[in-house]
Amino acid sequence: MKEAARAAPANLDGVSSASMPPLVRYLDQDGELLEDQPMSDEMALEGYRVMLRGRRFDERCVSLQRQGRMVTLAPGIGQEAATVGAAMALDSDTDWFVPQYRELAGQLWHGYPLKLAFLWHVGHPIAFQVPGDLKMLPFQAAIAGQLPQAVGLAWGLRLKRDSGVVLAVFGDGGTSQGDFHEAANLAGVMKAPVIFLCQNNGWAISTTIEQQTASETLAQKAIAYGFPGIQCDGNDLFAVYATVREAVARARDGKGPTLVEAVTYRLGLHTTADDPSRYEPREMHELWVDRDPLRRMQRHLISREIVDRAALDRIEDEVKEELRVAWDEAQKEPAPDPSFYFAQVHRDTSPRLRRDLERFDRNRRG
Amino acid sequence: MKEAARAAPANLDGVSSASMPPLVRYLDQDGELLEDQPMSDEMALEGYRVMLRGRRFDERCVSLQRQGRMVTLAPGIGQEAATVGAAMALDSDTDWFVPQYRELAGQLWHGYPLKLAFLWHVGHPIAFQVPGDLKMLPFQAAIAGQLPQAVGLAWGLRLKRDSGVVLAVFGDGGTSQGDFHEAANLAGVMKAPVIFLCQNNGWAISTTIEQQTASETLAQKAIAYGFPGIQCDGNDLFAVYATVREAVARARDGKGPTLVEAVTYRLGLHTTADDPSRYEPREMHELWVDRDPLRRMQRHLISREIVDRAALDRIEDEVKEELRVAWDEAQKEPAPDPSFYFAQVHRDTSPRLRRDLERFDRNRRG
Amino acid sequence: MAERTVVEAVNDALTLEMARDDRVLVFGEDVGVTGGVFRATEGLFTKYGKERVIDTPLSEGVIAGAAIGLAIAGWVPVAEIQFLGFAHNGFNQFVDQLARVRYRSAGRFSAQVTVRAPYGGGVRAPELHSDGFEAHFAHAPGLKVVAPSTPHDAKGLLLASIRDPDPVLYLEPLRGYRQVKGDVPDGDYVVELGKARIAREGTDVTLVAWSAAVQVALQAADDAQAQGISVEVIDLRTLVPLDVGTLTSSVTKTGRAVVVHEAPLTAGFGAEVVATIQEEAFFSLQAPVRRVASPDVPYPVQMLEEQYLPNAERVLQAIIATTRD
Amino acid sequence: MAERTVVEAVNDALTLEMARDDRVLVFGEDVGVTGGVFRATEGLFTKYGKERVIDTPLSEGVIAGAAIGLAIAGWVPVAEIQFLGFAHNGFNQFVDQLARVRYRSAGRFSAQVTVRAPYGGGVRAPELHSDGFEAHFAHAPGLKVVAPSTPHDAKGLLLASIRDPDPVLYLEPLRGYRQVKGDVPDGDYVVELGKARIAREGTDVTLVAWSAAVQVALQAADDAQAQGISVEVIDLRTLVPLDVGTLTSSVTKTGRAVVVHEAPLTAGFGAEVVATIQEEAFFSLQAPVRRVASPDVPYPVQMLEEQYLPNAERVLQAIIATTRD
């Protein structure tokens, strides 16, 4: 308690406020580098490749969905720099990626296979079985539902003196949920090595950020939990990477969580069941088309002569081929057997479930 | 989005922070006035009287509870300035008081009758039936459960162009609940005329504030919701009054919510089922005994010659008498009939409940 | 009278009631400009403006909780939960607060609140979007639970729910939203809460269902008829309060019953129906009451969905089995 | 072997298991220095230190949710919810997340998590502290629900719960915490999950109960005996998975059954027990299975508490009525 006397301010407007660092940005909209490139040229190129993979994957899936060959899905178009940049700051050998549902590009960088990504969108349960020892939790449909788990995981790693950190991704809408609040608060208390990456893509379905919260930035919400919050340009791979890298270092150092707000935009649909033309102002969309993170990276790669146009075209072709192969493989995956799921409710199937499973099997047989 | 280029800070510690107004305080620990008294002498004396009423009520109830004549209860001893000061800033004709369970002193100011207060602690349901048209919600046992309701109420008043505002009281522990977060966030968006009064009494049962949150102050949590947060000395009636008065003015003006953190201390038990000697450092307790809000007010009233010692004694006697009368009356209240509650599940009792009620009646008859 | 889908009937009721009673507020996630993710609130924002049709932040708890305060302020809130499964996020506000406003205040306050929520599976939605946990809300004293299956009842029951002085959870059959069509009177009418409907008369077996499962039941009843079994189908329409009388008289007549629901078997609302039937009509029963439900497995992803949900074939098997006991 | 109360038995199990398995973490509100508001975790903080015995912030949702992450990190979390009623505040983390870790990850992850929660009424606690909504958690595929009534079972079932590879909600009878005493073996032993216990043998009526209601049932059985009715009392011990076999063989023998629970009647777990009994033993049943439960009223404040809860007299009435059918 500060001991000085002090009358109540006559006007409370703005008496308290956030002192926030400026938005982190390395590339301007034209791909001009404003700060030192925070990674090697090879890494930059590799990051670009994965962003492109995410973009083309989503485009492909939207089109397959339109043909009735996929279930409702939520493309991450326009947000590839945010998720890939963050993933690049992790060490996939030690660090965990905890997704919501719109960060596939980042998950691809971390090691999630394209084939499973396709299977996710045909509604195959195997997509939720994060393969091998890949350090990743399954996709999460309940907004912010993964955050308490991410914090528990980070807390658990710290308690084991494991050097791993956890990247937990969620959206602007997620900040309104109690789960976000309770998780962030616990993370602060436990100094859990977790990075909360909030992809502020401007929309929660049709709900604008102003309808979502009166907070000027989402990053400043970290002040409520006693750890740093910082905004970065979410359409700038370097900005996201450099910011999350610092947050990862901090977490690994035992200093606790960071909230990183990646300011980006959902260039596609909320999901394939959504029609943004009902609510999205045209000009807003166009403004952000100009800020496309992929194009920005292309300009940078060219202008810095990291690659030439021909090389970019080659990468396009390679990505296209990868997707073709992965989709082919995905289609070869046998349909899941109902027993697949019955067997995974508990380790030891209960008598009631065994009875149900037998009924299923009987029905199938005849 | 700020447009300047900016590299990620090399060290994120403290990059973002709260800029908060200093703690509001009018009286020092010895009751010396440091700022102009923000209310008339009569009002100050009346405030003192209600604080005393709350104190003696709680003391009486703890002792009755020890005699087995009352149920488990949570005294507000030490927190009377916080709750009475806040209540004094309301206009009880237009404004609502939304309690948790440890602000009876403030509720007494607002108009809640002593007799019902006693009945509350004998477990009589009538205590939850806020009488007449007193603008108050019932006590709330679920931590922070009342906050979404308080915000809905404030939003509803604003929508009706009603000039009323809502004071919602809760504890430091309450800030960890999702209900607090979701309510505060909605209040910010709706510019709801609500004052969140957080009584930071240092403890949530045995849990310290450091175990509760890593946030330096609770007031700064308001930054997450885009409205002002401010700390005041919760053991200083004038500080709480003056601070909440500004918050009320702001709310009435259509400018929305304020979070007021009243820094106080639970001088008594968490509840009569609790034993603070298991966890409370002796020195800490003693430090706060010295900061007793009641004694501070007494010193002020005397030193300013608002009253003399004899008058204070007279007030003691009057309060004692009031309590005696109210307790006598409370004891005359007939025990509730089970039908009392059956009738209040729905307006129209369902057939199943009617059947149950008949069974009860039959049992009672013979 | 016009042919409408269920979601159109819901929209019709909302439009009508907002015009009739200017205390009615509609709010929830995406109910405003875009008219709701299923278009149930389409057109309301344009008609009634941003003060009465409000997009809220993404929080189910505060939607339910704020509704209480709005009701106390004198409004008549009609809130939307985008998918019932997400009401779990604010479950305490539903069960411990909203349901108990009258009770907790010993009669001083009440909550004339309706919470609408589409629910149930069969539409190939992502995980958690198809969950059908009506039983969680049925076990919450103070809360009424309504679950229509037809456009006609959807409109009449929604109007009754909004006008009910106490809180109502109004469940909309996601699978029937656009699939089920039927005649809906144009003007104002209510279907009384707490009254089941005989969806089809029969003499041999009573089949009890609600919400989207009613269509499955009717299909199974047709199939049974083809095998010479006459099935009476009861559409509960309201789960709480339960229409014990209609259940009892039907089972007294048929002597046999089957209950069908989408939710997992254990502790599903079917158990309540069975327990009630055997309490009230035990000596008429010729056979145990059978339950056809989903297994005790969380709602699966899309490729396993079809095998998970009770279908007409499984219901038919249960009907046949019950006649053979 | 020593005579212990239920809460002592719980403490015993925790102390033992923390020593045996250093992956076990105990956390929740006030479980540390003060040893829990009911002293269930007394002594653990001193013995095992602040890394393994942790006071958490006041949030039930994050207690359940963080437990998932801790389990994935390789720990064995034993979390405490101070009063079961407040688990509603994090209900989504229980039902949609914790219960489904294995399922949602299609087998990659699992959650060896135990959540302990005292529950039930009869101890003159404030509103919401006495709520007994076990049925909400029983209708959550993936979650096991355990509810011992005796000190012996409390210890053995808690050890079994902690060692179970899947999440268990372990309910402690608040009313029996210090009232019910019994012999508890000193060392390590488990009581298998999913097995009911015949608390008293009898031939005329089967009486089914769990948690604190078992004491009420035993009292009623004594009273019935005095009237010449021989009652078999089944203490379910585990609600999910339900021990169908023990229920069935008892009812096959007695032909009559009564189920007693504290929770409100409608959609309470008693409905599941009734539905199951009549499914499995219909042709042995001589009378409808009766339920003795609280009315469909929220748990009342203290002065009305006694009349609210099922007592031995009401159970006895139901026993007598069932023999007269």
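Quick notes on this structure:
We call the chains A, B, C and D, going by the order they appear; numbering starts again at 1 in every chain.
Just so we're on the same page, contacts are C-beta pairs under 8 Å (C-beta built on N, C-alpha and C of every residue); 3 or more make two chains touch, one makes a residue touch a chain.
As the structure is a computational prediction, the values presented were derived from the model and not from experiment.
Across the assembly, the mean Cα position most removed from that of subunit C is the one of B. The interface with the largest number of contacting C-beta pairs joins chains A-B. Put simply, the C-alpha centre of subunit A and that of subunit D have 40 angstrom between them.
Averaged C-alpha coordinates give centres for subunit A and subunit C that are 35 Å from one another.
Within subunit A, the positions touching two or more other chains are listed as 125, 128, 142, 176-179, 182, 185, 189, 211-213, 340-341, 345, 350, 352.
Within subunit D, contacts with two or more other chains are made by residues 56-57, 59, 61, 85-86, 89-90, 92, 96, 103-104, 127-128, 141-142, 240, 242, 266, 295-298. Against subunit B, in their complex, subunit A makes its touches with residues 1-26, 28, 34-36, 38, 175-182, 185, 188-189, 191, 210-216, 219-233, 239, 242-243, 245-247, 250, 255-256, 258, 263. For subunit B in complex with subunit D, the touching residues are 71-72, 101, 122-125, 127-128, 141-143, 173-174, 176-179, 204-207, 211-213, 273-274, 278-279, 335-336, 338, 340-342, 345, 350, 352-353, 356-357, 360, 363. Subunit D makes touch with subunit B in their complex at residues 29-30, 32-35, 37, 55-59, 61, 85-86, 89-90, 124-129, 265-266, 295-298, 300-305, 307-308, 313-314. Listing the residues of subunit B that touch subunit C in their complex gives 125-126, 128-131, 137-138, 142, 145, 147-157, 159-160, 162, 178-179, 182-183, 185-186, 189, 340-341, 343-348, 350-352. Looking at the complex, you find that subunit D touches subunit C at residues 85-86, 88-89, 91-92, 95-96, 99-100, 103-104, 127-128, 131, 133, 135-136, 138-139, 141-142, 240, 242, 263-264, 266-272, 274-275, 278-280, 282-283, 285, 287-291, 295-298, 325.
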